[in-house]
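In order of appearance the chains are A, B, C and D, and numbering begins at 1 in each one.
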Amino acid sequence: MDKKTFSGIYPYLPTPFDEAGNFKEKPLYELSDHLIKKGVHGLTPLGSTGEGPYLDWETKKRTIEVVMEASAGRVPVIAGINNMTTRGAVDEAARTEALGVDGILIVLPDYFPVDESEVINHFKSVAEAVSCPVTLYTNPKFTSWDFSINALTKLAEVPNIQYIKDASGNIGKLMSVVSSLGDRIKIFSASAHVPVFVFMLGGVGWMAGPACLIPEKSIELYELAQEKKWEEALELQKSLWPLNMAFQKYSLAACVKAGLEIQGFNVGPTLRPQKQLDETAKKAIRDILEKVGAL
Amino acid sequence: MDKKTFSGIYPYLPTPFDEAGNFKEKPLYELSDHLIKKGVHGLTPLGSTGEGPYLDWETKKRTIEVVMEASAGRVPVIAGINNMTTRGAVDEAARTEALGVDGILIVLPDYFPVDESEVINHFKSVAEAVSCPVTLYTNPKFTSWDFSINALTKLAEVPNIQYIKDASGNIGKLMSVVSSLGDRIKIFSASAHVPVFVFMLGGVGWMAGPACLIPEKSIELYELAQEKKWEEALELQKSLWPLNMAFQKYSLAACVKAGLEIQGFNVGPTLRPQKQLDETAKKAIRDILEKVGAL
Amino acid sequence: MDKKTFSGIYPYLPTPFDEAGNFKEKPLYELSDHLIKKGVHGLTPLGSTGEGPYLDWETKKRTIEVVMEASAGRVPVIAGINNMTTRGAVDEAARTEALGVDGILIVLPDYFPVDESEVINHFKSVAEAVSCPVTLYTNPKFTSWDFSINALTKLAEVPNIQYIKDASGNIGKLMSVVSSLGDRIKIFSASAHVPVFVFMLGGVGWMAGPACLIPEKSIELYELAQEKKWEEALELQKSLWPLNMAFQKYSLAACVKAGLEIQGFNVGPTLRPQKQLDETAKKAIRDILEKVGAL
Amino acid sequence: MDKKTFSGIYPYLPTPFDEAGNFKEKPLYELSDHLIKKGVHGLTPLGSTGEGPYLDWETKKRTIEVVMEASAGRVPVIAGINNMTTRGAVDEAARTEALGVDGILIVLPDYFPVDESEVINHFKSVAEAVSCPVTLYTNPKFTSWDFSINALTKLAEVPNIQYIKDASGNIGKLMSVVSSLGDRIKIFSASAHVPVFVFMLGGVGWMAGPACLIPEKSIELYELAQEKKWEEALELQKSLWPLNMAFQKYSLAACVKAGLEIQGFNVGPTLRPQKQLDETAKKAIRDILEKVGAL
């Protein structure tokens, strides 16, 4: 079993592409380096924001390698495992760990419906294929399944399953997780959450796309939470909320990429057929970045 | 315009029925009196927990009258307006105000889909039909519509629309309400929320069914929040959470009624064809009430 | 047990209102008389098209009385029972039968979720409260419940439950009904169906809003089906299909009312907050009525 | 532009795997040969039944090659293109055509939502990447998008887009397609349809998983439809319907595979985490196969 523990601000990295859809290494390297210099506590390539479910292994591999080169051991790298089959995910997890990552985060995109016993089996099988710490991920807006408390209780039997990121935005569900599992499975806040409240519940960090755009304020938020300055943290959170409102209105990966382009990182557009942002949306994002002091 | 302001613990009262479905006045009177003696700040008959959408005017009228007689002016009474048509809701609101209530809460059950302009028109028309303060209510789990921020902004132009209770359980939506409307529309926490967090956001109170079962602890939670003792409040909240977990598993009105029956209030079953609780569910509720010290 | 059997074209009658929402008897009487003169086989007030779930008993009562006066025994009248509670529906069914109707059709609007055992109990209880033939109605687009084959099998034990109208538009579901229940429960086609195919499956008639606008062509379609001229029937159906496409785009009751207004029946608008048609939509309906020869 | 036209029975082939998830060539070859000998008009590997969204290119390539070897030019082979990105699908389509297939069928699994302009762009881009006839495929139960009539009208501008398979089971939607597009885009019936009715509407064939289990009866159904013996065709369809009912209850690919195993084809289980069938389900499938004379 691994001895590493993760906490703090873990930006969900976008995966940069040119207009033709070719992976671009340089902006990923530069963004990773930039974020580390700003003080983030770790990096998370190949999550939803990283368009993980859309990529082939070659692109995933290069993405991880670039982020690890940029990190150069300065911060932990937790890579997303995105695979529709249990067998494929097991294989991808093993290959990913072999690249030297510090942890993995398991995303399960679906097509045909899956039932609870298969959800449990999938996450368990993938976790058992690696020795690093595992973060469970669920996003019920995009999939037909979600973790029940029963499923999480079963998954908590696997020692290296140590974290969960639940992108539902339902803080009551997190209360139920805490109520049922104590701190056996630690919680990372997601983009859709109000992180201050997740921190109050004992959440150990924030894994989300917006942190790419506002790393310093994200870190400040985390530190206020560490000092239990809840009201100050909430004030800061409120000042940043317009960014969340834009991200809910448009689509997450496209917003993060558009914002980074405005900030000067040439991460390019999202892969089609994901919804593309029009000029009105880009203008709205620019206005908000200005408003929250991120330009 | 009304000068009243509402805050604190407002239990959503169940409407008692016998097995045949006849309205029972006595347990409603007793429960109302009991809750006021326990210190609740107001009473809310005819919300979702009160099975408001299922009742005819005669039953609604008697429900309000009984609660007002029991209250005898000790606490404000905010009555739910449950009507599928705008015309019917306007009429019901006027009749309800004529009974002397202190405020109304507008619930809009639907059958055919409604669009945003009609949602705005409905709530605006009903609010303009009364002079007392109005609480907007939305429960997107049970209806095809929800308030957009745009709709709330339009509704904020009506002076006596002063409160919102959003039963979605999505705290991020409340952040967006606060971010867009400041304190122009004040927030009441719902059953599905984690009230401590709503209080942190500036929420003025908690309107929910569970407060019928745990009035003293609900009041304690509110008072801790008033004193900004957020961590103590959250600890108390955590200790009560198993009750929420049960209420999410079964159905709300049935759980509140089953719990009150166990506590000795003969509020009876919910009206059919709402899901009835079986013995296993009732046993689970008893166990939880015991666990949270409510027996 | 009743000896009546129903078959053929049963227009779903709209309930006329003036702009203020007052029930208008005259256009309902005239429309009913007009449709009978055109040859329809029966009349169905207070279905979905009749905005049944939105009406109080007084309006329902007058609606039924007006239709029965207009019919004067020339065709059967099947009245909708729209009530959220089992008790209320039982009472409404008994009162409706006492008005002299030939059959009832049971609609179950919901607010809180209902489960299968309560669905069975509801329809069974209401059917047992009357001695006339009963038509089961389900519209899963507007409710959280639907009939399973198991539920229908249980309901088939009640002798006077003799018909079903399933508004889902899923012809495969009807195949399953026929496969499981044979002709124990006879099928009426709904607005969302392709009636020719329902007739091929043994369907006994068509109960739908559009028949108000095109009674003669609806009857012609039924007669072609009776003569098993399937290809001619389908050709006719194809020529009428643009009407269905409009009705799916906008909302059913509003479309039927707008079309009837264009044809000279002053049935007025639908009750708010149902979606209202704008001028573009009304123009589209006029164009289609012209195209299908209904002006 | 291609001169080929497709019609008749095109079984959706399962992709055989052993318990460990390794692709098995032999049962695919044998099943393909068997179905051709039984008289099917074409073969369709890598559709939903073929678990196409779950496979990597190597497996897809071998699947197509094995089916083509088995076919040896006796019947057309239409291969599914399953790719979440437009770029990936374009590439996969070109590679697939290079393997010598007669047509392709485009499936678009999604994760993040897609909007109409991107749906149009995706199918258009993929179609333009090949010169063979293209079948559009939509299954709104498993994806967040569906073809609007507007989207189909735009796609009809691409010459080699010639067929559609709409797995929604909504025959009214097909009426709208016929009404709007005439025979510009020809329709294949899907598993969820009642093929007789699709044939009446001018449908040219049936592409579905169940045809693997009942090839002769499927062909008989098609031939009755060709001879316009609609009532006989419907009688046959009715006798086969219990198979559809089972497939709706459990999951499609798993049912087809379980049925083929019972018939002696060692196609193995579906890839996890798809729902696996338990013994009760397998027993139910055996009983039904017996009932419909497929054992």
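Before moving on, here are some points about what is shown:
We adopt the following convention: a contact is a pair of C-beta atoms (placed from the backbone, for glycine too) under 8 Å apart; a residue touches a chain by one contact, two chains touch by 3 or more.
Remember, predicted model here, so these are calculated numbers, not experimental data.
Fewest steps needed to get from chain B to chain D, stepping only to touching chains, is 2.
Remark: rotation between chain A and chain D after Cα superposition is 180° (nearest 5). Centre-to-centre separation between chain C and chain D, using Cα means, comes to 36 Å. For the pair chain A and chain C, the distance between C-alpha centroids works out to 50 Å. Residue numbers of chain C whose C-beta contacts span two or more other chains: none are found. Residue ranges of chain B in contact with chain A, taken from their complex: 149, 169-172, 175-176, 178-180, 192-194, 196-197, 200-201, 228, 230-231, 234, 237-238, 241-242, 244-245, 248. Here chain C touches chain B in the complex through residues 20-21, 48, 53-54, 56, 84-88, 108-115, 118-119, 121-122, 142, 251-253, 271-276, going by the rule given at the top.
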